[in-house]
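Think of it as A, B, C, D, E, F and G in the order they're written, each chain with its own count starting at 1.
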């Protein structure tokens, strides 16, 4: 099985199917300007320093269910699953 | 019930319906270039450091009624309510 | 009556009607590329730090009559009056 | 008579009519990409700090005849005269 | 045989043919907004300082199989092979 | 005769006519994407600090023959001569 | 014969004709998004400080054969040869 280690401040997330979305119901309106999507964090980036020389610290952790911006990141199909590599700054919030 | 913890300097707000808008009457003109809207702050972001390394401090607090810029943020429907995740910098002012 | 507390470096101004404009006569030419308008400062923002970490200090004060750039800020109708929330940097000058 | 105190690094200049232009003759070519214009400095801004936290110092002084970029600044008619509020960085040079 | 030493934070990568892609199967969806591609790192840049004065450190090393953004870098054919010179920041992740 | 003192990091140059161009022959190709032109430095700017707070130092000096980018600067006709006020960063090189 | 001393971080390069390209064969694909070209470094810039106040250091040296980005720099014909003045950051790599 192949794995991907995201670089820097990127994270790897797995898109959640309808049946996996959080109970309690975050429903995304059809008319939303920018439709967010639910996903699960699979891997954090290598970290290091960002462009301003600050140490990269992640707010999310592996396993977190997150809301992600629809536009952002790069789609990757890994072992048959829809994954996405995106900057942590494209994650809007953590679903609990 | 699902909750969303916004990340970084983002806040989660609930759009206010007409009957909920502040007494005294902020009426938004139809011809406004950028029509602001009233909303109530539901959750503050995780904070941390911004891109320049400054600690993020919030000016608004949970429960504040705020004016938000019409263009900005991402719509989310949470338990049937219209919510919005947006950067605090997209909040124009606090209504009192 | 509702009030608005602008956030950060924003200010709240009230547009001045023709009969309120400063005696002595600042007349704005019809052909101006960017037509400024006269307004009166109603409230200063909450201040704090700007994006570079500098403390926000206001040059204008409540009651100042100011010239504002026509394009900039967000229109708000507050208790029947045309108000504008704008960044202080969109104020061109103080009329005296 | 009304006066305008420009804010920050802005200056107020008065456009010079043909008969007022400097002897010796700066003639602006018709085909110039960006046609500069002659003007006289009427008031300096309030100064303070610029966005990088540097103290604003003016190179021009009241009374200087200057060449200004045609595109830049905001036209204001003050007591019947064509004035312009512009950033000092839109002044190309001092005419002597 | 000619070699290329990338300058600064750039890296030289060799595009991988279908038969060379990692076992376990990263399959790139046809509908991906931005289709990443697999490549192998052939040479690291000269390093030095970046524009902010920070020392350039590479996260990838020669021999790493990487996912690269489809749009980014410059194609070079070197001794008959499809190579690409790109900034390390255009590498999305390391495949293991 | 009128003179112009450029402000800050700007310089004043005089365009060179064909008969004045440097012996040895820099010929500018007709098909060049951006056709540079030869000019002579007439006056250096007032210097001071640039936007980052660094002291402005000039590499060129009055009398230098320089190659200038075709797009950049503002044309001024001074005492019948074609002059140009431009930032020193729009000077490509010194001709010797 | 005329010479050009590039200013700051610019370098002067001579485009290489087909018969001069490096043995071993860097062939540039016709379909490349951005077709690089081979050139030889003829002169380094005057150096000094860049906009961030860092001392400019050159990675290339006179005589280096380099790959340059097709889009970038300014064409100059010097003594009959096709030259290019470009920022060192537009050099992709050194050919050896």
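As a convention for this text, a contact is a pair of C-beta atoms (placed from the backbone, for glycine too) under 8 Å apart; a residue touches a chain by one contact, two chains touch by 3 or more.
Since the model is a prediction, treat every value here as computed from it, not as a measurement.
The copies chain A and chain E differ by a rotation of 50 degrees on their C-alpha atoms, rounded to the nearest 5. Mean C-alpha positions place chain C and chain G at a centre distance of 51 Å. Computed from the mean C-alpha positions, the centre of chain A lies at a distance of 41 Å from the centre of chain G. The centroid of the Cα atoms in chain B and the matching centroid in chain C are 23 Å apart.
Counting partners per residue, chain F has 52 as the residues that reach two or more other chains. Shown here, the protein chains touch around one cycle, each chain meeting exactly two partners. Order of chains round the ring, counted from chain E and going first to chain G: E, G, F, D, C, B, A.
Remark: chain G residues 22-29, 31-36, 50, 52, 54, 57, 59-60, 67, 69, 88-89, 91-96 touch chain E in the complex. Taken in their complex, chain G has these residues touching chain F: 1-8, 10, 12, 46, 48-49, 51-53, 74-80, 82, 85.
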